[in-house]
Amino acid sequence: MILSVNTVTKRFGGLVAVDAASLSVAPGSITGLIGPNGAGKTTLFAVIAGFERASNGRVVFDGHDITAEPAHLRARRGIARTFQIVQPFAGLSVVENIAVGAYLRHAGRDAAQEKAREVADLVGLSAMLGQPASALTVSGRKRLELARALATQPTLLLLDEVLAGLNPSEIRDMIPVIRQIRDGGVTILMVEHVMQAVMSLCEDIHVLAQGRIIAQGTPGEVAENTAVIEAYLGHGAARRLHAAGAAHA
Amino acid sequence: MNATRAYLPAVALLLLAGLIPVLVAANTVLNFIVFTLIIALAAQGWNLLGGFGGQFSFGHAAFFGTGAYATAILQARYGVNAWAGFAIGIALSAAVGWMIGYLSFRSGLRGSYFALVTLAFAEVFRILANASAFTGGAAGTLVRLDMRPENFQFASRAVFVWIALALVGFVLIMTIAIGRARFGAWLAAVRENEDAARALGVDVLGVKLKAITLSAGVTGAAGALYVQYYLYLDANIAYGAWISVEALIAPIIGGIGTPLGPVIGAVTLHGLGELTKLFAGRIPGIDLVIYGALLVAAIAFAPDGIMGLLRKAQRRKDADKATDQNVTEGTL
Amino acid sequence: MFAPDIILAAVLNGLMTGSVYALIALGLTLVYGVLHIINFAHGATLTAAMFAVYVAHTVFRLDPYLALVIVTPLFFGLGYGLQRFVIGPASHGEDRNILLVTLGLSILIENAMLAMFRSDTRSIDVPYAFSSIDLGFTFLALPRVLAFGVALLVALLLGLLLTRTDTGKAIRAVAKEKTGAALAGIDVAHIYAVTFGLGAACVAIAACLLMPTFYVTPRAGNAFVLVAFTIVVLGGMGSIPGALIGALFIGVVESLCGLFFGESLGQIGIFLIFILVLLVKPTGLFGARA
C-alpha cells in the first residue's frame, strides 16, 4: 500500500469532521473517496497532505509514518494535492504558477520552465502559458490546479473535486487526462461527485459519511451497498429504490 | 526573456550613473546623490521582503539602525577597522532580521499584524538606543574624522558615490537574479498564496526567514553606509520612523516587486523633495507631505508604480506599432 | 520600596491616563472590528484634533471643554469624508492597500501639521489646569478626573449606540458579515465611513480632554496611538470591552513602570507587552474574537 490512513480522527472544537476513518490506497491505482457534502472528505485530504493535524490516528506513506510531518515535507516525499476551492497564485502567469511546482524537483530555471510547459501540454493549458492566472475560466483554473500539483512529480496525487464546475464536454475531456496521469505512474486518490467519472475511473472506492468510512469496494459493489445509498439519499431510500426496481422488473 | 535582456538595462543604468561624478563636481549634487543612493539601498532591502515576499514591514529602521550603530560603535569603542565594522554591521542587521522574522513568522503574523510588530521592534530599539550609554544615549555616537581609504572615509565625494553605486548595483543584480531563480519563484508563491505554496513543497517559514534576513542585511548596509558618510548617528536617525517610511514608499512609488522600482522610487521622491524645497523654501515637513500624498496617489492610480506605468506605455506603443503594421500590410 | 499611598496614587493616576487611552483605543478597535484593518492615520488624526483644540483656544478663546461640542462633530465629518472619498476609493477594496493608504495619510497629515505649526511644543493655559481634588493621601488633578468621567461616559454612549440604534445594528451587521449585510440592503460604504467618523470623533474627544493638561507637537499623536495599538491588541482586535479594560490596565502598568523604572523605560514596558501579546496570543488576552 502506498498510503494507509489508520483510524484518523479530526475534531474542530466539538465537531468531529473525521471519525476514526481508515483507508488504504494501492500503488498505481485510481482510488475514489466519495460521500455526501460535509462528510469530511476535504478534511481527510487535508490531514493526509499535512494541512491539518490529525487529532488521533496515523498516516503512513510509502512505509513512513508521516502523521507529524509538515505539509511541505510531505510534498517532497511525493504527495501532491489540489484544492477544492482553487488557490491560484493570482498575480503570476500560468507558466509561473506551474513552475513553482516544478521547482520542487528542478533547481534551475530552464529545467523548471521546461517541466512546466510539458505539464501544461498534458492538461491542455499550453495556449495560455503567458496569461495571468486570474484571467483563467473556471475550467482553466481547475486545470491549473491539476498542472501545478503534477509539476511536483508526485507519486501520490490527491484530487479534490477537480471536475466540479465543469460542463459535460469539459468533463469528457478531463477523464482521459486523469487516466493518462495514472498510466504515467502516479497513484491517484480522488474525491469526486461526478459519479459517471468515479465509476469509469476508479478501481477501488471508499465511502465517507459523517466522518466515518461506511463502505469500501469496487464501483459495482459500492453502488449496490445499502448503507451508501442511504447515506446519499436518506434513511429508507435503499428499500424504496429496491422496491421500485422490483416493480419495474 | 533571456538572461542578457534581463540584466542589460540595469547594467547600462549603473554605468551611466557612474559617469555623473566625472561630469559634475558640485558638492550639493554629489551629496544629494549619495543620500538618495543610501535611501535606494534601504528601499531595495525592503523590496526584497515586501515587494517579492509580500510581507510589509513598517519597521525597517530596526535593520538600518542596527547596521549603522554596529558600524559606528565597533569603530568608536573597540577600534575595529571601518571596513570590518561595515561587514559586521551588515551581518548583525541580518541577524536581527532573522530574529524578528523567526519570532513573528513562527507566530503566524501577517498583514497588519506583521506591520505592527516590526514597527514596535523598531520603536523598542529606538528607545533603548536613546536611553543607553552604550550607544551614546541622546547625544549620539561620532565616528572619528580621519579621511583615509582604510577607514572607509574619502576626501572625494565622487569615491563615495561610486561605492554607493556599487552597492546599489550589486543588490540590483542580485535582485534580478533572485527574480529569475527558484528562490524568487518561491517568494512570489508565498506572497500570492501560502497554502498553495506549501502544497507545492515550499517551506514557507524558511523562505520568509531567508527573505527577511537578506532584506535586513541590505537595509543594514544602507545604515552602515550612512554612518560612514555622515560620521554621526543618534537614535532618531538610526531607528527613527523616517527611514522605515522611506524604505517602504520608494519601492511602492517606483514599482513594488520590481528590481529597479526602489531605485527609481528613491530618485523620484528625493528629486521631488529637492524641487519642493526649491519652490516652497525650507518649510519643515513639506517634502514628507508630498511623499504621503504620492503614496496615496500611487495606490489609487498606479498600483504598480512608475515601472508599471512605463510597462503600460511600452505595451501601448508596441500595440500601436502592431496595428500600424497591420494597416500597412492590409493596404498593400 | 514605595509607601502604599504612593503606589495607590500611581494606580489612580494610571487609571485616569488609561481612560484617555481608552477613548483613542476605542476608535481604533471600532474601525478594526468593522473594516478589519488597522487605521495607521489614527495618530495623525489625534494630532490634528489636538491642534484644532489649540487653535480654538488661542484664536477663538474657546475653552477646550466647550470646543468639544464643535471639534467632535467636525472630526466625525472629516473621518467620514476621508473614508468615503479617499481611503475607500483609493484602496480598491484590498486590505493591504488600506494599510498603505492610511499610512500615507498619516505621513501627510503629520507633516502638514509640522509645516504649519513647526516642531515647537505648544500648550494652552486654562485657569483650572492646576485645580485638584484632595483625597487625603494624594491630590488628583481636576482635569484628569474630568477626563476620566467623560471618557467612561463616551465609552458607555458608544456601547449604547452600537447596541440600541439602527445605525449601530447596521455597523455590527457589517462587522460580522459584510456581503450578507449588503444583501440585506445596508449601504456598506456608508457604514464604513460612519465607523471611520466615529473613530475620528473618539479621538477628537480625547484631544479635548488631553489639551488642558498636555501639550501638542506634530508627533504628539503617535505616542498615544502606539499605546492604543498595544491596548487594542491586548484587548482583542475589534473588542470594545477589551479596549476599555486593556486601556485601564495599560494606564496602570505605565504609571507603575514609570514609578519603578523611570519614564522612558516605562514606555519600553508597554512595547514589550505589545510584542509579547502579538507573538504569543494575537487574538488578545481578554480573548474577545478569534
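Think of it as A, B and C in the order they're written, each chain with its own count starting at 1.
Basically, a residue touches a chain if its C-beta (ideal position, glycine included) is under 8 Å from a C-beta of that chain, and two chains touch if they have at least 3 such contacts.
Owing to the predicted nature of the structure, the values given are computational and were not obtained by experimental measurement.
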Label of the chain whose CA centroid is most distant from the centroid of subunit B: A
Pair of chains joined by more contacts [C-beta pairs], B-C or A-B: B-C
Subunit A and subunit C: spacing of chain centres that average the CA atoms, whole Å: 50
Centroid distance [mean C-alpha coordinates] between subunit B and subunit A, Å: 44
Centroid spacing, where centroids are CA-atom means, of subunit B and subunit C in whole angstrom: 33
List of subunit C residues in touch with subunit B within their complex: 37-38, 40, 86, 89-92, 95-97, 99-101, 103-115, 118-119, 218, 222, 226, 229, 233, 264-265, 267-268, 271-272, 274-275, 278-280, 282
Subunit C contact footprint on subunit B (complex, rising order): 56, 58, 103-104, 107-109, 111-113, 115-117, 119-121, 123-124, 127-128, 130-131, 241, 245, 248-249, 252, 283-286, 288-289, 291-297, 299-300, 303
Touch list for subunit B against partner subunit A, complex: 180-182, 185-186, 188-189, 191-193, 195-204
Partner subunit B, residues of subunit A touching it in the complex: 49-51, 70-72, 75-76, 80-81, 83, 87-92, 96, 99-101, 103-104, 107-109, 112, 148-149, 151-152
